[in-house]
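In order of appearance the chains are A, B, C, D and E, and numbering begins at 1 in each one.
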Amino acid sequence: MERPARGRAKKTGLPAGALMHTGERKSGDVRIDLMEYNVASLHERQLSGLDACLSFRHRETITWLNVDGLHDAELMGKIGSCFSLHPLVLEDVLSTDQRPKYEDYDEYLYIVVRMLRYDADVMKAKAEQVSIILSQNYVLTFQEGFAGDVFEPVRTRLREDKGRLRKMGADYLAYSLLDTIVDNYFIVLDQIGERIELLENELVTNPTRKTLRMIHTLRGDALFLRRAVWPLREVINSFTRGDSPFITDATRLYLKDVYDHTIHAIDTLETYREILSGMLDIYLSSMSNRLNEVMKVLTIIATIFMPLTFLAGVYGMNFKHMPELAWQWSYPALWLIMIAIAGTMLIIFRRKKWI
Amino acid sequence: MERPARGRAKKTGLPAGALMHTGERKSGDVRIDLMEYNVASLHERQLSGLDACLSFRHRETITWLNVDGLHDAELMGKIGSCFSLHPLVLEDVLSTDQRPKYEDYDEYLYIVVRMLRYDADVMKAKAEQVSIILSQNYVLTFQEGFAGDVFEPVRTRLREDKGRLRKMGADYLAYSLLDTIVDNYFIVLDQIGERIELLENELVTNPTRKTLRMIHTLRGDALFLRRAVWPLREVINSFTRGDSPFITDATRLYLKDVYDHTIHAIDTLETYREILSGMLDIYLSSMSNRLNEVMKVLTIIATIFMPLTFLAGVYGMNFKHMPELAWQWSYPALWLIMIAIAGTMLIIFRRKKWI
Amino acid sequence: MERPARGRAKKTGLPAGALMHTGERKSGDVRIDLMEYNVASLHERQLSGLDACLSFRHRETITWLNVDGLHDAELMGKIGSCFSLHPLVLEDVLSTDQRPKYEDYDEYLYIVVRMLRYDADVMKAKAEQVSIILSQNYVLTFQEGFAGDVFEPVRTRLREDKGRLRKMGADYLAYSLLDTIVDNYFIVLDQIGERIELLENELVTNPTRKTLRMIHTLRGDALFLRRAVWPLREVINSFTRGDSPFITDATRLYLKDVYDHTIHAIDTLETYREILSGMLDIYLSSMSNRLNEVMKVLTIIATIFMPLTFLAGVYGMNFKHMPELAWQWSYPALWLIMIAIAGTMLIIFRRKKWI
Amino acid sequence: MERPARGRAKKTGLPAGALMHTGERKSGDVRIDLMEYNVASLHERQLSGLDACLSFRHRETITWLNVDGLHDAELMGKIGSCFSLHPLVLEDVLSTDQRPKYEDYDEYLYIVVRMLRYDADVMKAKAEQVSIILSQNYVLTFQEGFAGDVFEPVRTRLREDKGRLRKMGADYLAYSLLDTIVDNYFIVLDQIGERIELLENELVTNPTRKTLRMIHTLRGDALFLRRAVWPLREVINSFTRGDSPFITDATRLYLKDVYDHTIHAIDTLETYREILSGMLDIYLSSMSNRLNEVMKVLTIIATIFMPLTFLAGVYGMNFKHMPELAWQWSYPALWLIMIAIAGTMLIIFRRKKWI
Amino acid sequence: MERPARGRAKKTGLPAGALMHTGERKSGDVRIDLMEYNVASLHERQLSGLDACLSFRHRETITWLNVDGLHDAELMGKIGSCFSLHPLVLEDVLSTDQRPKYEDYDEYLYIVVRMLRYDADVMKAKAEQVSIILSQNYVLTFQEGFAGDVFEPVRTRLREDKGRLRKMGADYLAYSLLDTIVDNYFIVLDQIGERIELLENELVTNPTRKTLRMIHTLRGDALFLRRAVWPLREVINSFTRGDSPFITDATRLYLKDVYDHTIHAIDTLETYREILSGMLDIYLSSMSNRLNEVMKVLTIIATIFMPLTFLAGVYGMNFKHMPELAWQWSYPALWLIMIAIAGTMLIIFRRKKWI
């Protein structure tokens, strides 16, 4: 289980705006990707630090600054002052256990989302927080970067000038990033769906204790996703309906599309949760079914052999005066009686549909 | 289980508006049915492609273009540009795992619904996505077409000029199509209702593991329908209350009627879900009831024969000094004692209402 | 189980406004009761058909036309055109599986409710749909009439001029009819309450499989009522708060009273549902309690007699060299040992509170 | 179980405003307490009937008329006409199974609440309906009076001129009465809380069938309180926020306080409900735990003695050619073998943590 | 279990505004901490009583008065009159079982929250009520003080002039206090999370009755926290959105941050509740799994040995004419037969996957 309160608990007692990184990645290089583009041109650079305050803020091009790695507090402070970010925004960027949220700070919009990326190598989803800051002509994105880069397709589309990305503003870039993030949810969802499908077969053919543990794990995964996806609905809704001048009407239509995808993801999740909870019912009832079967076997065996063993015991007694013992045919007769008793029992059990 | 996230997962990383068909039907002829009508006349044609941009857009008649088969991306692009559809609309038409939705694009209204059709041959409901685009004087409908054509009754009414269909506008045609789709929900619902009725009898008379599996399957079906029907409520509500100039007040009254039917379908579904969940309780308690019965049989047999076998064992011992063994009547006396013990046990069990 | 989707499923493919009766009663005479009254006078007639269009529409008196039996489509059409009812209204009157609803058609208000009547002879509630149409000076009511007539007390009060019914308008008549219908819910509710009371005693004293079936049946009844009562809340609320000129402020106060009764009925229903679901828990745990008891009996018997039978078996062995067999007092000594073992077991079980 | 629909069912078919008392107390004297007070003076009288219409309505003092006993329809009618109460109000006062509600009748406000009083003698809560009518300078309260008088502390405060009761208007008196009623809820709640505490201990140490019955009873009590308390929230909210001229802003602050207490009571109730439902889970799992224990004992005994008894049986056989029987040490050797088998079994069971 | 209705029940019958302390701490010194500060200076004093009404109310500095200990009614009265607090506010400060709430009294804002502090020594969370009163230039805080002082970090920041606390107004001080209180929730939450993590392992490896009791206890803790945290959401929301002149826009942004943290805490709590309820399911099914295992062992033993014991019994019978007894190889032949039977049984059980 992820412990969602851990990061926050560490920060107790610190003043608001104190820059303390609560994420998992603690070392390594910070990588800054800078892309400046308009319809006509595209410049791409990779920075290892931020020496001078960038001058692109009032240019004609659109600037996208992507920061991979949040553990260098000094660098983050520099970026904050360059783009005059509110201390609370910087604090939230560094506290990597934020709930998805949207805030309008007049000069820029601040969006926090959780990015999920399915790592095919280890067959597991990785999650990390992505902060997006959108203004008139720039977009800043912050991530820890350990879960890999889901933004690569966007970069490729920018480079190859595919689609309408280069033709539109910073808001459309922010939309494209959100869209990519939400699209990745479906890959994780589809993986869960595939595992549920496998489990359903297993449940019908041969449910074991491992099946139960799988159901439990999948429920945990669904819960985990839920915490990432549910708040996103409200976030994208506020983003779309907000009256910020940075978002054009054309982009709003596209954002509405991302909103629909989010609802679709939520719907799918809720469906999975219902299916999983139905599977648990099936599992429990198949357990009690098995118990019934085991008990039936025991009862059949006991009910057949107990009377027979009793009869054998009776004729093993050592009384002097037991006339049957001396009779010529009593031994084979007893065998017949015992076979008759066993046969009758079997017929009764068949009638009761136990066998 | 249907995997609701599969289609969406395939499209990850593509730019918005990329035309990728995510549906099941991948090949075969695309069929385009064209009907042009007004009060006085009706022209019906079947096109195999779209050579020139159709000129009907500014005629006096109402045009209904129905496309069966969505896998020909080039054709879809042509239709898109002919009717100047927004790229997102075309994308949604092709992504056949959309949640039902309603969108107002000023020049036209875009509605996505899920069509269910009960196939009596294979005793199963088939589902596919239907997109309806409504403008002043035309209606476009898109479907994959593998689930059969539920629109035939509407065509017949147009041809035979029954009801008020020919006398009213394109909005009334769109209403009629929606109404037909919702009516088909009730056929599927009624099938589920019939199977629930059968199951209820089975549950009372002879519940088996198959009964449980049926309950599980029906719950899955109900969940499946639910995902089609619940969002429709909001869709038709927005459609009815929207201020689009394409919908007349007369039609609004009829749409209110479809809305009522949708609520009715939702109500029925929720009732089914409650009944099914009550049936699961009954099943589980009938399982535990059976276990009780089995255990009672075992206990009765064991409780009667264990003491008797013990007694027989005692008189099978080989001690030299066992005076009872030599007595004249001890053997029949023991039989009497054993019968008395068994009788007493039986009376006790009867008092406890075990037999 | 009632199959709520059956009626609707039959109508698939028909155009809106098609008059198809989906109710249960298919034949017999249609009975039309006509009452015309004001403060001073009351005329009562029974019609078997509708020959000419009634001329009462613009009179000073208030007219109440009650139709018992809906299967004569021609007659219904005549009534529809006489009172210029919208085709959808007529369709809804005939589709007797409507959800309770309220619609304002400017010239009249249309209300659909479900009437429940407790039939003391067969100890069962009967349900049917009642349509009420209210205009300035007339009230139309439509019912199938097989569930008996709950409106008789209203007629009596009209005839005997009791209360303020004759002094007030058509809206007060409609209120009185609704009030009578809602009052009848409480009789059905009280019957369910009485049966729950009986069941609670049975559950404590002697729960059987029949008890479980009764709980299941009562849950079904509660579900059935729920579908009739829940939507009524919204219906009466819209009716009361609507701005229709046909409803006076004086009557609104009375409608508020019916609304309170409906809320009361819903509250009662929800309480019943909670009680029934608690009873199921009690039943299940009493089942597992019984299993515990049965198992204890089995375990006590087995635990006492298995060691004893073993001992008897030991001294039944035929070894040549078994010194105990020859001793003088070994037989009675063994009896003492066996009684001691049994006694110890019994003391242990008493300590464990098994006996 | 209380049957909440009983009172209402009795009234079916009566016209609105018909005065029929549906409460429990059917006879005995009706007691009318009259208090007239202002800052300077207080007059207190007890009336046995209402001979002439009281003239206090337009005096400077505040009048509080409390009626204990509602079964004298004639008297109630007189009071109704004296204070010109609406027939529906009088009807509601007499129907003692009303849901708590608030209604603004312009000339007065009408509030129905349920009063609970913990009767320490019989260790049970008693409930009855209290109707409060508040106007500019008078307050009427109606109760059946069988559950004792919770208003005595208010009277004492009036007599002894404690607090600000005498200094403020009729609205503050109404507030004080409501506050007293809500305060009494907490006594009942605390009693339930105490019983839950006792049960929790019992559940851990020694759960019996009685424990289950207690849980069931407490759930019933919580349900009963819930029906009294939940609607009160809305009642006091409407009362506080209403724009009636009878309520001053100063009193509104105090009413807000009662509102907070009501929310507190609801919170407490919901907490109790969650705890009780958790206790049921614990009970059920402790039942299945016990079954496990019982089964383990049975299995251990059977698993040890069955093989031993078999071995004893083998050497009790009467074959002519059984060489072991004649060996010198075979008897003690068999004992060793049997002890070894039993010991091995015990070790296995200890490894499985069964013993 | 805490009994949430106890404090309120004690106060029944007292007039509103009566000062009765309902908390736990009943004696000891009352400690009053006074801090007066602005950007330039900071004065800190500790008072043991309130001799004269403090004169700081109209100074330029910001005053923070923290009262530890609420049992001295006289002192509380003095403070109340010094700061002209409404009697209801004073009453609420002393009733230490208040639900978190926010009230705007024009001259000051009144906030009640529940403070949780994790006491590492006894490994348990302690809770007490904190009342915060905020006006233009002073903040009053009231606590019982038994749960230790969570405000120390705020004092340290004031003394050392860290962060922007000294530079901003009284509203920012109130925010800092709230933030500190909410931060402490996460420590308690993280402790619960840690215990859940431990339990999850235990549940997989070796669930015992103690595990169940732990789950139950943790659910109780989560319920306890829930009652503290849920209402806080609304409180901070009202506080942030209220139009009080005491709160500046700058502080509103910070309050929004506390609001986000509260939502985060609620989210975490709900996640914990779902996990715990999933764990209960796992526990119950692991119980039934164990029962299955136990029953299988019993059934295997019984099924193997019952037939064998029967056979041994047969050849222990004393019939004169049993030809097998005299045969040379019958004894070893019987052994072979018995081993064959046992082997067959074992193979069957392995096929059934019982062993």
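Note that in this section contacts are C-beta pairs under 8 Å (C-beta built on N, C-alpha and C of every residue); 3 or more make two chains touch, one makes a residue touch a chain.
As the structure is a computational prediction, the values presented were derived from the model and not from experiment.
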item	value
Neighbouring chains shared between chain A and chain C, ordered by label	B
Rigid-body rotation angle, chain D and chain B, from Cα fit (steps of 5°)	145
Proportion of interface numbers common to chain D and chain E (over half same, under half different)	different
Distance from the mean Cα position of chain E to that of chain A, given in whole angstrom	26
Separation of mean Cα positions, chain D and chain A [Å, integer]	42
Residues of chain E touching at least two other chains	284, 288, 291, 295, 298, 302, 306, 309, 313, 316-318, 322
Topology of the chain contact graph, where touching chains are joined (line, ring, star, complete, other)	ring
Order in which chains appear around the ring, chain C first, chain D after it	C, D, E, A, B
Chain A to chain E touching residues, read off their complex	1, 3-6, 8-9, 11-18, 86, 88, 91-92, 97-99, 101, 103, 206, 209, 212-213, 216, 219-220, 223, 227, 280, 283-284, 287-288, 290-291, 294-295, 297-298, 301-302, 305-306, 308-309, 312-313, 315-318, 322, 324-331, 334
Of all residues in chain E, those that touch chain A in their complex	153, 157, 162-165, 175-176, 179-180, 183-184, 186-187, 189-190, 192-194, 196-197, 200, 204, 253-254, 256-257, 260-261, 263-265, 267-268, 271, 274-275, 278, 281-282, 284-286, 288-289, 291-292, 295-296, 298-299, 302-303, 306-307, 309-310, 313-314, 316-322, 353-354
